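First chain written, first letter: the chains are A, B, C and D, and each begins at residue 1.
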Amino acid sequence: DEAVFFPDIPKISFNSEAGANETLVFKTYNPKEVVLGKTMEEWLRFSVCFWHTFRGTGADPFGFPTLHRPWDDGSDSIENAKRRMRAAFEFFSKLGVKYWAFHDRDIAPEGSNLEVSNKNLDTLVELAEQLQQKTGVHLLWATCNLFAHPRYMNGASTNPDAHVFAYAAAQVKKGLEVALRLGAENFVFWGGREGYHTLLNTNIKKELDNMAAFFRLVVAYKKKIGFNGTLLIEPKPKEPTKHQYDYDAMTVIAFLKTYGLEHEFKLNIEPNHTTLAGHCHEHDVAMAAAFGMLGSIDSNTGSPDLGWDTDQFPMDVKNTTAIMKIVIEQGGLQPGGLNFDCKVRRESTELADMFIAHIGAMDAFARGLKCAARIVDEGVLSMQVLERYSSYSIDIGARVESEETSLEELEKYVLKNGEPERRSGRQEHFESIINHYV
Amino acid sequence: DEAVFFPDIPKISFNSEAGANETLVFKTYNPKEVVLGKTMEEWLRFSVCFWHTFRGTGADPFGFPTLHRPWDDGSDSIENAKRRMRAAFEFFSKLGVKYWAFHDRDIAPEGSNLEVSNKNLDTLVELAEQLQQKTGVHLLWATCNLFAHPRYMNGASTNPDAHVFAYAAAQVKKGLEVALRLGAENFVFWGGREGYHTLLNTNIKKELDNMAAFFRLVVAYKKKIGFNGTLLIEPKPKEPTKHQYDYDAMTVIAFLKTYGLEHEFKLNIEPNHTTLAGHCHEHDVAMAAAFGMLGSIDSNTGSPDLGWDTDQFPMDVKNTTAIMKIVIEQGGLQPGGLNFDCKVRRESTELADMFIAHIGAMDAFARGLKCAARIVDEGVLSMQVLERYSSYSIDIGARVESEETSLEELEKYVLKNGEPERRSGRQEHFESIINHYV
Amino acid sequence: DEAVFFPDIPKISFNSEAGANETLVFKTYNPKEVVLGKTMEEWLRFSVCFWHTFRGTGADPFGFPTLHRPWDDGSDSIENAKRRMRAAFEFFSKLGVKYWAFHDRDIAPEGSNLEVSNKNLDTLVELAEQLQQKTGVHLLWATCNLFAHPRYMNGASTNPDAHVFAYAAAQVKKGLEVALRLGAENFVFWGGREGYHTLLNTNIKKELDNMAAFFRLVVAYKKKIGFNGTLLIEPKPKEPTKHQYDYDAMTVIAFLKTYGLEHEFKLNIEPNHTTLAGHCHEHDVAMAAAFGMLGSIDSNTGSPDLGWDTDQFPMDVKNTTAIMKIVIEQGGLQPGGLNFDCKVRRESTELADMFIAHIGAMDAFARGLKCAARIVDEGVLSMQVLERYSSYSIDIGARVESEETSLEELEKYVLKNGEPERRSGRQEHFESIINHYV
Amino acid sequence: DEAVFFPDIPKISFNSEAGANETLVFKTYNPKEVVLGKTMEEWLRFSVCFWHTFRGTGADPFGFPTLHRPWDDGSDSIENAKRRMRAAFEFFSKLGVKYWAFHDRDIAPEGSNLEVSNKNLDTLVELAEQLQQKTGVHLLWATCNLFAHPRYMNGASTNPDAHVFAYAAAQVKKGLEVALRLGAENFVFWGGREGYHTLLNTNIKKELDNMAAFFRLVVAYKKKIGFNGTLLIEPKPKEPTKHQYDYDAMTVIAFLKTYGLEHEFKLNIEPNHTTLAGHCHEHDVAMAAAFGMLGSIDSNTGSPDLGWDTDQFPMDVKNTTAIMKIVIEQGGLQPGGLNFDCKVRRESTELADMFIAHIGAMDAFARGLKCAARIVDEGVLSMQVLERYSSYSIDIGARVESEETSLEELEKYVLKNGEPERRSGRQEHFESIINHYV
């Protein structure tokens, strides 16, 4: 109980003057520093994910585990699970992060049947409750792992076998109860096995209908038990499945609107998933925000030259600036946050690497926040965007916006006014403005 | 008027016994041959596109035109436009294709102002009307070119300048009138400039609102003038714009549902656009069909190793089989069709290449039709798919489908019935079945 | 010893009349059928890979094992390893495949140190020797697994730690001895960890020098012990490493020529790796063949819409035709072969799926062989290609080829002869010819 | 002659205090400022490319020209060509760039035959000579456009028609003479049409042999006339051709070594081409440098989510830092430079955009230079890399490097010394160090 899992790592401090080689210190992230009227920690709401950081082994499709943690004996015992959780809360505290996130099966071993699994989960949730209370760390979101167990290989809510659908439903029922008990601020669905490997054996429509039916059951039960957290769907285009139904932000919005679920769910956007869908890093964050659907962010990055999810720690200040600008413009992410769905490289085998990676990412986001705050505050950029669309505030443009016009009227306008003026988009000018701040 | 533009090319005939080197003959496509109760030409509804086949020059971003047609003097004169159109109808007739498709600016030169442009268009539409009547060739669809002229460089309906919006509206007004006059069975919108090059200068939400406003104006005018063709939106993820709002089938469906337009539009799917969006060749055709939104198909293909739209002639029978299987299962494409939005390679400089390319693609689709018909007719595949989902017809599965169940009931089911059986997805078996037919 | 591992599966037979749903039978592959003067089995030299087919578990980065084989108790015991090997030889025999391939660590468990590992290997090699003799199955190639063990996480021969280099060297020494004993016809190197994850911590040049030093040691030892098999390098651009030095065929050839190793090695080409490098399916097979470096083929396929190695069974006859055409044109692959570096989908959980997958692929290659043979035999295609380059046989072209000319002479030729004629590349014509055969 | 083409743009000045909206001023690039013992302008050797900046029209595959320059009447007249060139030199001077680069056909119109073309070229070269002398601007490199004219549609030196080969040779002969006359420091070959669109009609080996023959003729003539500039090959994987033989740095090195040309050529690396080949931005720069083959850089960038060459101005300081670190470590690029093979977006239609784009990129490179200089100077990073490989300086590692060891000795070493220690690759630590500087 009083074990110390990271004896060589102190509470991480802030020192803006630290040297190049000092990577176990915050150089920008200063939680109580005020930016645009809120503290950094209010804006940034960082969360550590339990799966990568405490269950990741460094195994990859071509290699065995490389990450051996001294507290983890590799067993599925409850004792091992408890040690892992204590190590995690020590990590959260030393890092100074106020939120965490987990899948049900991350924190407690799956048993020989659902009853045992639920009992295991209860045991660990009790410990989590104590540790949350003791440390002041909150649960950003909980989720159910509906993809790793072989029963889900052909899908969970979209499985061709109704028995599997039932299993997923039962698992989520328990997950919602756990989320309620631990005060989770959100509950996430990532449909890693909801999709197809080959269209040849798949009835897409039936599967999507079933997925919608599943979500309706979830909404009903959530309301019944009084869980008030936001339900979030996390898009990902592919991997592990060849095609996943929750391809990207707009596809999920299409699904929600098709099935009348758009008021019950928001999106949890992961930039590495966005880039796998062929978009730029911040695209889905921007699209979700534009439609009022941005709930939370899995703040990571990928390598644009790789075709799979690398879940790297975000280290690029230009990217973090772009994201924080959107977050600031929508007034913050709460009750969502910035969850580090990131893993240390499998070659980063030291305990210190766990800290270094998170610190580097937190500093990158703190720098992004400061850059974005200046951009928003000075308004140079936003004024120029506003000006670009100003023709819609007057004259024929205003009639378009108020939907009072017609093709006939617009034709008359053109016959009278002729060719529009050419107006430069000025992309390089806008890019140079960003470089002024970043 | 009596000019012959392809003096060396006879009407293309059918000869299933032709040799390897004979590529100016149909070996499978036999228009009146009956397949599953309809003739091949009823199923396949081939259309030749005017832009690539009669306006394509072979120019690419690194090279000048290579395709010099004897009837085309390169000028923007009305006479030249008329010669081109006569050559086109000779081509359609010799090829034996019953449909064509065009953009307004393909068939008639843009003038110094809208009035002149419209007048030019009227002149050529008159000729088209005569030639349609004379040859029995119908107009599969018309569309407006809202992307090539510099005025549209920052978008048409999503342009930050309301004047450009008006221009696009005026152009579409005329386009609808022309479509009506020529008996177009559909009218297509491809938003090649509706999107962004950089988020920095863009208000996504305002642009999408304006795009919806535009489509509402179109619907109103279409109804007013009594044009009964189907309105189609053609998704494309990117190129020429960095990000296009009509990314893929599901994104367009999201847009339509968001703005309440889903009953007024269907989709025109182009497989080369689908693969650029990161999906497999037939994905968007399948998705659109599953949601009852498949209106028409731009039957082409790309090279999966290239990141741009190559608009190649579809020559792969596996692909055409996959597409025709979906088409057969939805009972045909009418009033849509299979429009060859394809261009001969810029190195394919002979007139004969124009025919060879279309013939090869038509034969590939005819083979695909025959394979798909056998697959559908024998029902081996569909029975196995049906069986895969059979658990939803009984017991707890049936209660899921009728939405009578709850998470609590499903949990009880699992606690009682335990772990689901593992059932193989049998992908390789399904693939082998396809190879039996193709 | 006399155990039967696939009691429900008979020796796979040939029946060209089998129905669509019959996928446990060859419909085209008929080993003794003669094609262009050789039997199918002489041309096709199929090999089953031990790793995927007998060590694959169906685990993926997001999911646990799904493939449970009745003979495999999941342990690392020698007894388990022996059972696996007996099952494998039963599989080879029932399938009628004459070759297999393995990594050292596939067939025998790694021990607590190299001595134990080598002893384990010897034990299993002895069994392999007996089973090879009993069944007439030969070893197409052996290889060492220098990527899965954590010691290799930063590379084997390119590891920054010389101790790891030494370990890899010791492992390969044993591997060569085993290859010699089992009569391996080739020995393969796949450098899955030879590359970098970040340039920041990497000295590329030093690593490539070391890789070359490693290969020189291998060549020396190979000669010393009298192993006459071909040494093969297998290119792959990325995955698991961000960048692998053996990116594609031409990159490996560059490496070999840079270090004077081009006469000691050939290439083992895997089409799924080729497509991950951004090329078309058969590109690296064609490039390697053009440079006389095509040694063997890992005959699999990927999904062009996925950015990772899916190692699917090749089922596309157009692809197999393209590959077999190159193989026929170079007179066969011996001592190389067509190794199925393929895995059943993790959802294909039945034992029968193992057979169905291989049978489907073997039939696809047999069809490809027959198509390619007709293409080569009739010579329609090759004559047209020959004709395309005929200008190099005469006049100024002949002087170019014999390198007797100069820029001055060529300028004079142009000043005298003017502009070259435009000659169509006729791509669609060539594609139509292929469709005549496939 | 005394015309002023950019009347509203002054000579661009340096002002590190300029505001966000001021984008017509250098904030970091200060040509005479000394960094690591050289001035910025010595390190950076910026070059403006004539083709994009003075011949680019903004046309794209879906759109007509958008960029209308007041001095350009759109004609092919010599007078127009002269005005363009004068405008260009005014641009170079106002921007303060000391180098330019061009293709033969950029600066002078192609005539009705080679004689006329050469005469046109001479006329413009004479003007260029005068303007170079007057302004002090030098020619970084010249090149021949062997890809835009239809005659090259099937390749230049790899064309199946020897007549085209001859034409390309004649054109390069003149190009070399022009380069000599204008004091070009390099001469570049970009093989945009050297490759294949389909393997079906292509003899790869013959084409590569011919390409090598071509380069040998070039080397001979270069020596004959005493041109001492460096010959450079610029790799690009694809576009406009489906596959280009000069795929990436390593592929070109393979080609050069195969044909014994590696001492006569270096590489001109373009990062946008590198990313199209599936590598990270600086990969080919790093590979070329590691092999002593880095001659010059086409300093641009692409959009990682787009599959074609966007030739954007480099604005990312992390990228420019990575590149300048390599440049500093090899002691500079001379006689190569940083050529801006970049184009303003087609929507950036104002003359000022031409300046803003170049200024933004020059500042990004100046910031990259300063960051890289600090990284190199402080040595924190390089010391840690050195330390990573230190085991090769002693003991068994030293014997590996000196190639004195054998597999037997290495096996003995492992049997005695056992398992290597696990050493973290520390990627996140290295990334954090970079973030300290950038």
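What to note about this one:
Note that contacts are C-beta pairs under 8 Å (C-beta built on N, C-alpha and C of every residue); 3 or more make two chains touch, one makes a residue touch a chain.
Please read all numbers here as calculations on a predicted model, not as lab measurements.
Taken together, chain B and chain C share the touching chains A, D.
Should one ask which of A-D and C-D has more C-beta pairs in contact, the pair is C-D.
Rounded to a whole number, the gap between the C-alpha centres of chain C and chain D is 36 angstrom.
Once the centre of each chain is set as its mean CA position, chain A and chain D turn out to be 39 Å apart.
Shown for chain B are the residues in touch with two or more other chains, namely 66, 150, 153-154, 197, 238, 242-243, 276, 278-280, 303, 305, 345, 347, 349, 381, 422-423, 425-427, 431, 433-434.
By the touch criterion given at the top, residues 113-115, 150-151, 153-154, 160-167, 169-170, 172-174, 176, 197-206, 208-210, 213, 216-218, 220-221, 237-238, 242-243, 247-248, 250-251, 253-255, 257-258, 276-280, 282-283, 286-287, 290-291, 322, 381, 384-385, 388-389, 391-392, 395-397, 400-401, 403, 405-408, 410-411, 413-415, 417-423, 425-427, 430-431, 433-434 of chain B touch chain A in their complex. Within the complex, the chain D residues that touch chain B are 58, 60-66, 147-150, 152-154, 192-193, 197, 238-240, 242-243, 276, 303, 305-309, 345-347, 349. Put simply, chain A touches chain D in their complex at residues 19-21, 23, 27, 66, 275, 278-280, 303-305, 313, 315-318, 344-345, 347-350, 353, 356-357, 359-360, 363-364, 378, 380-381, 422-429, 431-438.
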